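To keep things simple, chains are lettered A, B, C, D, E and F as they appear, and every chain counts its residues starting from 1.
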Amino acid sequence: MPLTQRKLVTIIAESALESLLVRDLKRLGVSGYTVADVRGEGARGKRKGDWDQNRTICLTSICQSPLAHAILDHLAATYFEDYAIVAYLSDVDVHRANKF
Amino acid sequence: MPLTQRKLVTIIAESALESLLVRDLKRLGVSGYTVADVRGEGARGKRKGDWDQNRTICLTSICQSPLAHAILDHLAATYFEDYAIVAYLSDVDVHRANKF
Amino acid sequence: MPLTQRKLVTIIAESALESLLVRDLKRLGVSGYTVADVRGEGARGKRKGDWDQNRTICLTSICQSPLAHAILDHLAATYFEDYAIVAYLSDVDVHRANKF
Amino acid sequence: MFDNLLDPVVLCFVVGLTAGLLKSDLRFPDQLYESLSIYLLFAIGLKGGIELSKAAPGEVFLPALATVALGVIIPIAAYNLLRRLGRFSRPDAAALAAHYGSVSAVTYAVVIAYLTRLGQSYESFVTVLLVVLEIPAIAIGILIARMRTTPGGIKWGPLLHEVFLGKSIYLLVAGLLVGLLSGADRAEAVAPLFTGLFKGALALFLLEMGIITSRRMGDLRQAGPFLVIFGMAMPLLSGALGTLAGLLSGLSLGGTTVLATLAGSASYIAAPAAMRIAVPKANPTLYLAASLGITFPFNILAGIPIYHAMARFAHSFGG
Amino acid sequence: MFDNLLDPVVLCFVVGLTAGLLKSDLRFPDQLYESLSIYLLFAIGLKGGIELSKAAPGEVFLPALATVALGVIIPIAAYNLLRRLGRFSRPDAAALAAHYGSVSAVTYAVVIAYLTRLGQSYESFVTVLLVVLEIPAIAIGILIARMRTTPGGIKWGPLLHEVFLGKSIYLLVAGLLVGLLSGADRAEAVAPLFTGLFKGALALFLLEMGIITSRRMGDLRQAGPFLVIFGMAMPLLSGALGTLAGLLSGLSLGGTTVLATLAGSASYIAAPAAMRIAVPKANPTLYLAASLGITFPFNILAGIPIYHAMARFAHSFGG
Amino acid sequence: MFDNLLDPVVLCFVVGLTAGLLKSDLRFPDQLYESLSIYLLFAIGLKGGIELSKAAPGEVFLPALATVALGVIIPIAAYNLLRRLGRFSRPDAAALAAHYGSVSAVTYAVVIAYLTRLGQSYESFVTVLLVVLEIPAIAIGILIARMRTTPGGIKWGPLLHEVFLGKSIYLLVAGLLVGLLSGADRAEAVAPLFTGLFKGALALFLLEMGIITSRRMGDLRQAGPFLVIFGMAMPLLSGALGTLAGLLSGLSLGGTTVLATLAGSASYIAAPAAMRIAVPKANPTLYLAASLGITFPFNILAGIPIYHAMARFAHSFGG
């Protein structure tokens, strides 16, 4: 079956942002998303769940390229300054182009 | 050291399918796979582990391109209709080409 | 906003290696990393956390291409022989090129 | 009945339900939920096994037979009601039927706590009935679904393996065997964990069950009014059948209440897991909304006292 | 006071702290930590509710009012100290103020264990004061932060929802209601879990709290000497205010000690979660280092006996 | 011995083993397993510490010395047997030797439960012997492996840190200190959790251990017949050495049984973790199959009564 190219947006962020990010992504129009609990270390230091909310999540969403860029721009404008957050895009091939 | 290109198959599916998917992938000939517990939301609604089996998993496997396409076709034919499942391919570079 | 290409290094390894890998990556100069707990099966058999330490982790780090290759070479030389470990590179696009 | 609502176990269910309805972010960690399930199932089995070690064998035969009969009759009745009156598709009706034929171990635990509080005695082998009733309905649900949908053969091997060696049944049976073989004296040293803490753990578990249930209530609109009514009428029907079966097989008033509750309860753990794989065309939202969103709270809040009244009524004639 | 250090609960905190400082790899699994929190909060509520079911209502009115006053005065005092003496930025000062106005339920549990061990009685409604004090300070912290930073409107809806229906408050209130409605007799069957095991679970929890605390101590260098001193002086000041409030509102010696401890404790669960979203410009390292790295261990190891002495001193005049 | 098999703790192990062999999907959540380990280790330490607080010091010196000797002799003996008779590679033999020199805290808990059931008294300081025996063997295993393989220097710092401050030792020692410092009276309020529930928690843990063990049994084919025999003969040899050491250092019949069991048990937590990093060339399948797949079940099901008989036999001469 033929595959279609889409973008995969990956966001690694402190878990306090989970519900805000999901709200934003839905508002921007993603068809779905997936979240995993992770841990990590970056410019803002080690994040190991020391405190109930001090966790890190990894949120991914498959979407079309313009939406993916819009998401990244939105994140940069809204969260990059005050929160521990990292985001990147990559290319993926999917079946069912109309789903994403 | 020189790297070789391979495909990474990523499958996000309801956890009830985990053992079926692993069985299918092995039958199709993958050399290995990795599974993570995730959560998410898609066309079939929010999946948050409300009920013991209502979890979501993310299964990834590195393999050669033809096998990767065969896996996607098999999934589309077998599970896409009845189950909450999303799958995509991406490119990765590996050492030890003969391992995958 | 313009995006910059970086490499994403993904390492799947037995969890006994977590602290060693983190130490090595930092020494090699990564700006950060993210770890998730996973499970899987490969040439060295099923890894399901049977024993407290017998877990599998998935470590990812975004970095520049030369560093990414250096990390892979280091892993190949140090761990590939004795440990259950798989590593691969992929392309990602990031904001804030200077962060990674 | 008002008094039943003031039992801490029931109150915990209510505050859990309220938490969910008010959209509190209270949620038990996954593994705490799973750990409590493991504890409760094993403790139910163990207590049953210890009781059983004091009982005469043989006695259990007739009630077990009656229970198997319930496990066959209830899903068939449910299937026909759902197909004819409810106009559900075959897979949906079959999957729902399997849920209502099978049982909820938590509802069992609550009825035992209820009878204990009232000082009402019951047969020592009722845990065996719980185990017996959990199994046939799931097999029958699969059978109905497959007979009518896939004419090809059913792979019974893996399905029976799944059902008999699935977590819940295995834990119940394991507890039963450990209790039976070690007996009351040897089991005394483990009693503080499995007996002393049981009701507290059940209360905590029901707090989380309330939260889970409240989420399923959101699906009720999708499920439609027929299923809402079915979710309360079916348990009453099954409960009546259970009362009859209890009476006919010679169970005491307490034992009849337990059997009626078992018959009236619907599975929401073993059955969904089995149905998701065996009957993929059935919509999980429907069977989870019905068994978890309606029948489970109905039984905890109102059903159990009703089954008790049914049993009392029946025994006032039969006894 | 030396004697207090030999209590198993306090010793557990010390060995946990030591584990962290020695860089042992000992760490409780996330979900065990979360499960213990859920258990402790619910058990605190439940015990409070059962006590309350025996008490005369009305009595609680004056102390609750005094507690609300504390919840307003303490964060305002803290804010001004931090701004004027500490030269902290507005968001940082506001966020810190919210932490010191709010309370730590674990510190509450430790003071109750402390008074129980001494055989010192206290009012049955002190759990209500715990609940009352947890809320206003967080709202006031947000108010201060927002008034001074974002001139635009504050969305109170979601914030109040978060605070009132957040996990900890909900569990406390849920336990309180279950205990109050079911009463001592009906609650007896759940007592082994919630009463009998309480102090042991608290000891285990404090072991993990020690480890967590030790990690925060690493941030103290970043926090600076002013915050270290503030983290011990502020609880003493609040404790004195709490003693006064207790005396004036007619609390007993035991009740006054509890209120002083509540006033002197700083939140490290509800407040950080609320502040991270409501005051994103505030640096979490600062408020966590202060409330968790300094004030929490200070209260467990030294504060509680001091507040008890304060209360005794005050009652030797007032009483 | 047949009677031992009917103890609920042992029965739980058997039903867990059976679950695994029948391929039931029963599995404890990771964090429940970890939480139970934390609880058991801390409770073992705490009970030991409370006992110790009543004992005369000094007494422990001779038995502790004998235990250190065992910790040196057993791994050297095991290494030579494995190299000469078993023809294992140096890293494999060294890693296996470290496992058999070290101890299993769960096996210790089971022998204590066994003696308690028989009403057989033992020295109050046996927990100290558990701690003492856990450490030297791992260091010696590393030493042997490194001496023979990497001629370069061994980084002892991180390794010793790992061993002494590793989870299990730290929890045991922490419990010991808390128990010792607080003493029996102050510890009474935490006793319901750590003493009352201990045997029940051990039973639940052994259910999971049975499942884990069964998975390792699948590796036995890879391990080969020599290792299977070694896994049962080595504990008997070590058990005999332990009996001798107990007798010579003046331990009572109960204490000798405990020391023999400690000597006969093999580590499956601390040793694998240390060996994986320190001796990467050793194959983990071998040491886990041997210590967890053979020696652990052997000791639980048959070894403990045998060590008890050995101790009785020795004391019938020596005592």
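Throughout what follows, a residue touches a chain if its C-beta (ideal position, glycine included) is under 8 Å from a C-beta of that chain, and two chains touch if they have at least 3 such contacts.
Keep in mind the model is a prediction, meaning the values are calculated, not measured.
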item	value
Graph separation of chain A and chain B (steps between touching chains)	1
Remotest chain, chain C as reference, centres from CA atoms	D
From chain E, the most remote chain by mean C-alpha position	B
Copy pair chain E, chain F: interface residue numbering same or different (half cut)	different
Distance from chain F to chain A - Cα centre to Cα centre, in angstrom	46
Whole-Å separation of chain centres (CA-atom averages), chain D against chain E	41
Rounded Å distance between chain A and chain C, as computed from the means of their C-alpha atoms	19
Residue list for chain C, restricted to those that touch at least two other chains	36, 90-91
Chain E, residues touching no fewer than two other chains	30-31, 34-35, 192, 196-197
Chain pairs in mutual contact under the definition given at the outset	A-B, A-C, A-E, B-C, B-D, C-F, D-E, D-F, E-F
Residue ranges of chain F touching chain C (in the complex, touch as defined)	30, 33-34, 37, 212, 215-216, 268-269, 272-273, 276-277, 280-281, 284-285, 288, 292
Chain C residues within the chain A interface of the complex	1, 3, 6, 8, 22, 31-36, 62, 90-96, 99
Chain F partner contacts - residues on chain D that touch it in the complex	30-31, 34-35, 38-39, 42, 46, 161-162, 165-167, 170-171, 174, 177-179, 181-183, 186-187, 189-194, 196-197
Chain B-facing residues of chain C, complex	10, 12, 36-43, 56, 58, 69, 72-73, 76, 80, 86-91
Complex contacts: residues of chain F adjacent to chain D	6-9, 11-12, 15-16, 18-19, 22-26, 28-32, 35, 113, 116-117, 192, 196-197, 199-201, 203-204, 207
